[in-house]
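Take a look at the structures below.
Two complexes come next, and they have one chain in common, chain A, joined by chain B in the first and chain C in the second.
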Partner chain A sequence: MTLQTPVLEVQDLRTAFVTARGMLQAVDGVSFRLERGQILAIVGESGSGKSVLSRSILGLLPRGAETSATAQVLLNGQDLTRLPERQLRRLRGRRASMIFQDPMTSLNPTLSIGAQIVEVLVFHMGLAKAAARARAAELLRSVGLPEPGLQLDRYPHQLSGGMRQRVAIAIALACEPDLLIADEPTTALDVTVQAEILDLLRREVRERQMSMILITHDMGIVAGHADEVAVMYAGRIVERAPVRPLFAQTRMPYTRALLDSIPQLSAPAHGRLEAIGGRPPDLVEPPPGCSFEPRCRFATARCRADAPPLQGDGVHSFACWHPLR
Partner chain B sequence: MADLSRAERAPRPAAPSGTAAPMDRAARNARAAAAHQKARRVGPVFWISLAWLALVTLAAVFADVLGLAAPDQSDWMALKAPPGTGGHLLGTDPLGRDVLSRVIHGARVSLTVGITAPVIGVGLGLILGLAAGYYRGWIDEVIGIVIDSWLAIPGLVILLLFSVLYGGSLFMVCLSLGLLFIPSAARITRAATLSCTGREYVLAARALGASDFRIITREVFPNIIWPLLAFVMIDIPIAIVVEGSLSFLGLSVQAPTPSWGGMISEGREYLEAAPHISLIPTAVMFLTVLSFNLAGDAMRRRVSGGRGGAI
Partner chain C sequence: MPYLMRRLQRLLIVLLVVTFSTFLLVSVLPGDAAYQIGGMDASPEEIEAIREDLGLNSPVILRYLSWVAGLIQGDWGTSLLTGESVWDALVERVPVSMQLMVMAQIMALTLAIPAGIIGAWRPDGPADRALTAVGFACVSMPGFMTAILLIYYVSLHLGWLPATGYEPMSAGLWANLKPMILPALSLALVEWTALMRTLRAEMISTLQENYISLARAKGMGTLRILLVHALRPSGFSTITILGLQVARLLGGAIILEQIFGIPGIGRLLVHAVYTRDLVVIQGCVTFFALTYVAVNFLVDLAYAWLDPRVREARSHG
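For the complex of A and B:
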């Protein structure tokens, strides 16, 4: 075991929104480490807190959301939650950057592709305009855009969704960050383009020795493109393991249910697709016990009363009183 | 020759349907493209309006080198002369002053007010609306209260107040009229800013380390400027009409500086004997305001992709 500082270490992250009914605990005590060169997939259904978690890391929360004072987000050992906004701005896009779900709206429609990349390079790397432009063309080539020199002067509306997402990736990679957060980067794309974009992301992460948090609700993406998986439910990580053990030996019933809800080609035709009954719990007044208890087949009185902690052997951890065998 | 044409025909014996289909499609595409072009085109009304505006503007700019009689020079031999007599193309007014020259010099006042007032109003409204829509919170609330209070004061009172305090100054007319455009401009800007700030590219810019100032100037501003320019186009004719009304009441620039409203007012006692004195400036103002409206509509349709109703 090397004692290298992890690229990202999150300690007891809690983020709550002020709502008319009270505090909505969107992220409720999440901790994890991400080593250099690793891809961590965060999986969960809508509203499980995965996007809020990713935004909390970079301090990009919307109005009315707050991260608790006890939380720590260490990027290369530096606590981002204690940094003043001015210094945080110098880190965003430079040491950690983000890719968003919908490339149709994540690029500024009034600026050319080139201008948007050049701006980042000039701001963070202090490059001269001409040098930045050359570097921008290089970046576009590396993300697989044909004729990168010509693309620089085009506007987002002239590109397809897949091409735009490639541009967004080029912008995110421009300053060679240590951490890349991809928030459902392929949800808005065609299935055929999805695979290309995910392959591109994985290749870039490996080549540049970066780390990536891949947020998704698609277990298929997890299996093919991540090293480790954290399953989130109701603002907490409920199971965490490297990809193989997670799929081979799922412990948490919620993860099992997620896996069962993937349509299988090998399943008999016209069979019933397993869906998870019920809805996620109310995050303003969460149940006292396990948050998955109301929807869980294996729930007992203990599950109703006590919330199980996330525990394990250091490789595979899960939060459940009655783990699957 | 005969051989060649046979050779040409030879490879496609089953041609009838095979050749007809592509030709049909080509024709259909051409028709669709033409229809699309037509929908996008601005049409003759736009060009006529623009030509009139260009004529008025050029005449106003070059009034001094057109060889016209001075607007305040009286021809005592030809008082209230009808158009075309005594060397006066559009006749003279009760003091024998050349109506053409006065209409052209009056255009200077109308166009200056017509353009400056909306620019002042939209400029200030833009700053307020951007601040309110981007920062939200207490800034939004304070600006909202200021704008609502401003709206609660009748516009005419503000105009009268300015004309009593600073009567006759062209700049003050522009300023007081401009102030009246602030609330609507601020509200439009705020609404556009709100919808723009919620877009993912603004979040993406923040994720790349952009500061508030940078986001406002590079991300938000370029994306909300079009509805505001359309709003300026609507305000120009309004400003011209309001200035005309103020002149008519004697509350705008003072005599002898010619203005369209003032000229209409001067001729109103002679409407039966010499109707041209009032009607000519009225017609010129009517055509100018109409042209601004028509040209503005056409531009809005064009900007919104031929669908109309951009704002």
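For the complex of A and C:
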């Protein structure tokens, strides 16, 4: 079974932005595999490059951003970085789709909900308008919208944030893709709605045998909703492991710090909340050594001079010269 | 309903302010219609008699009020000089100006929409730069210059279209359209640049929106994203400008109507000002104010058509 082609295999992905000060290396040599049916959480602070990574996978970078020529993004074994735009479009929304952070702004305010779902079905599945509408209503029902037939003719502003994110999920699921990339899908939502949306996503992914990349800055939601976790810092993956070992035997000090910054119910009231001191490094002129070194309690001269590679036993890998025990 | 009431209230205020200030302005101008009627050789006594006859001697405010009273009863008055009904004069000329304006704006939009979209698609790209350069060249040239150049090349040199003249619709559609093409084009070439630049600017910011990213993530092509996803939300400023232009063009085509010999309302107004034909001037000005308000109303309706959120807000009062 291990010989099966992974749904997604990313090799040495590097994405840089042209800025006035020089090249900003937002994603700096990221590699990972995602097996069918798995949910991989990519966790990191804002600016760690996790969103750019997700957009690089589908070639959805803004102008001024470039992915290195040596990078490979294999979706079902097919290298997306070598595909011409026309063929890439056939895959976007069909084999791999995305959900964005802010449902208030990710739906077109001037198009009805129905139109926004129907166009995907017409373009990718070649459905006729009427059939596509029926299918769209079905999708809305499956993501938990009441009266799906009526919702089709409504506009985004008439729905709540949670409802809109359900619509976005319906759009993403419309063509039954192999891969779903959810970029902070619940960050803009109320806490109660967050849990509903995450549960919905997990259920849909499991039922449809899809794989999902769940991008988040919130370690708190990782445990219950992902199989594996990759922690990103300054454009690199610094620790990667299945959820349980990551929480049980954290090796990378940065991951530890992220976990410590989750408020604990068991902690005494009005206690001090652990925060990570300092700020992420400048990505235009990154330090030569470990990028977490300036903020790390365990840093030594070696950390300043040499960047640690990501290595491990194939299950749990980390990039640190002085891993925690 | 309160929405319509508010609009109507505003219309009344605009009408009163505009007509009264015009009345006042024309009254303080040296010379009046009596001189025109009496002619150069008329004695002061004769002039005075004509004035008395026309009622020009009563105070401005009384004359204004009696004009308003007439208007309320549907009487737009008669020309001081010819005795012709102002209403008839307007009915005869307004459609001509209206046709010129509509044709000009259709041409301007035909140029501006594709050009604006292309510019927003690749800002500062070669196509955008070229279109912007052409646009600014057009807007820098006064309409009458453009008109003369067009007459020279298209009429005299190529002989494709007549240089002047006007044919009513009854002479046939093409006969009617043919002499209107060059004047409309002269107007359009001045107006399209502002529309293009406005659409371009608004569309550039629309293309940064998250829903455009989502449309790309859905696999939609560039053309579909530009036309279906981005064009509508980018239309607000363009429609506002379009409305302002329409109001201005209706009266502002005076010079072009003159050059191309088109019997529109612009010519009527200029003639009335020369002869101090106050009643005709008032008629024209009232008509302009009405169009201005009507066009703004249409622009408001267009907002609602563009954006469902506006529709909703309005129906809730």
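Methods note: the second predicted complex is superposed on the first by the 323 of 325 C-alpha atoms of A that agree within 3 Å, B and C clash if a C-alpha of one lies under 4 Å from a C-alpha of the other, contacts with A are read in each partner's own complex, and residues count from 1 in each chain.
In this text, a residue touches a chain if its C-beta (ideal position, glycine included) is under 8 Å from a C-beta of that chain, and two chains touch if they have at least 3 such contacts.
The structure presented is a predicted model; accordingly, all values stated were derived computationally and were not measured.
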| item | value |
| --- | --- |
| Combined model on chain A where chain B meets chain C, clash or fit | clash |
| Which of chain B and chain C A:I171 touches, first, second, both or neither | both |
| Contacts of A:Q158 with chain B and chain C, given as first, second, both or neither | second |
| Touched partner set for A:E119, first chain B, second chain C, both or neither | both |
| Which of chain B and chain C A:L107 touches, first, second, both or neither | both |
| Touched partner set for A:L58, first chain B, second chain C, both or neither | both |
| Which of chain B and chain C A:R92 touches, first, second, both or neither | both |
| Clash-bearing segment of chain C, relative to chain B, as chosen among 42-50, 60-68, 168-176 or 258-266 | 258-266 |
| Footprint overlap on chain A, where chain B in one structure and chain C in the other make contact | 58, 60, 89-94, 97-98, 100-102, 105-111, 119-120, 123-124, 168, 171 |
| Touch list for chain B against partner chain A, complex | 136-137, 199-201, 203-211, 218-219, 222-223 |
| Residue ranges of chain A touching chain B (in the complex, touch as defined) | 58, 60, 63, 89-94, 97-98, 100-102, 105-111, 119-120, 123-124, 168, 171 |
| For the chain C and chain A complex, residues of the former touching the latter | 209-211, 213-221, 224, 228-229, 232-233, 306-309, 312 |
| In the complex, chain A residues that touch chain C | 55, 58, 60, 89-94, 97-98, 100-102, 105-112, 119-120, 123-124, 155, 157-158, 168, 171 |
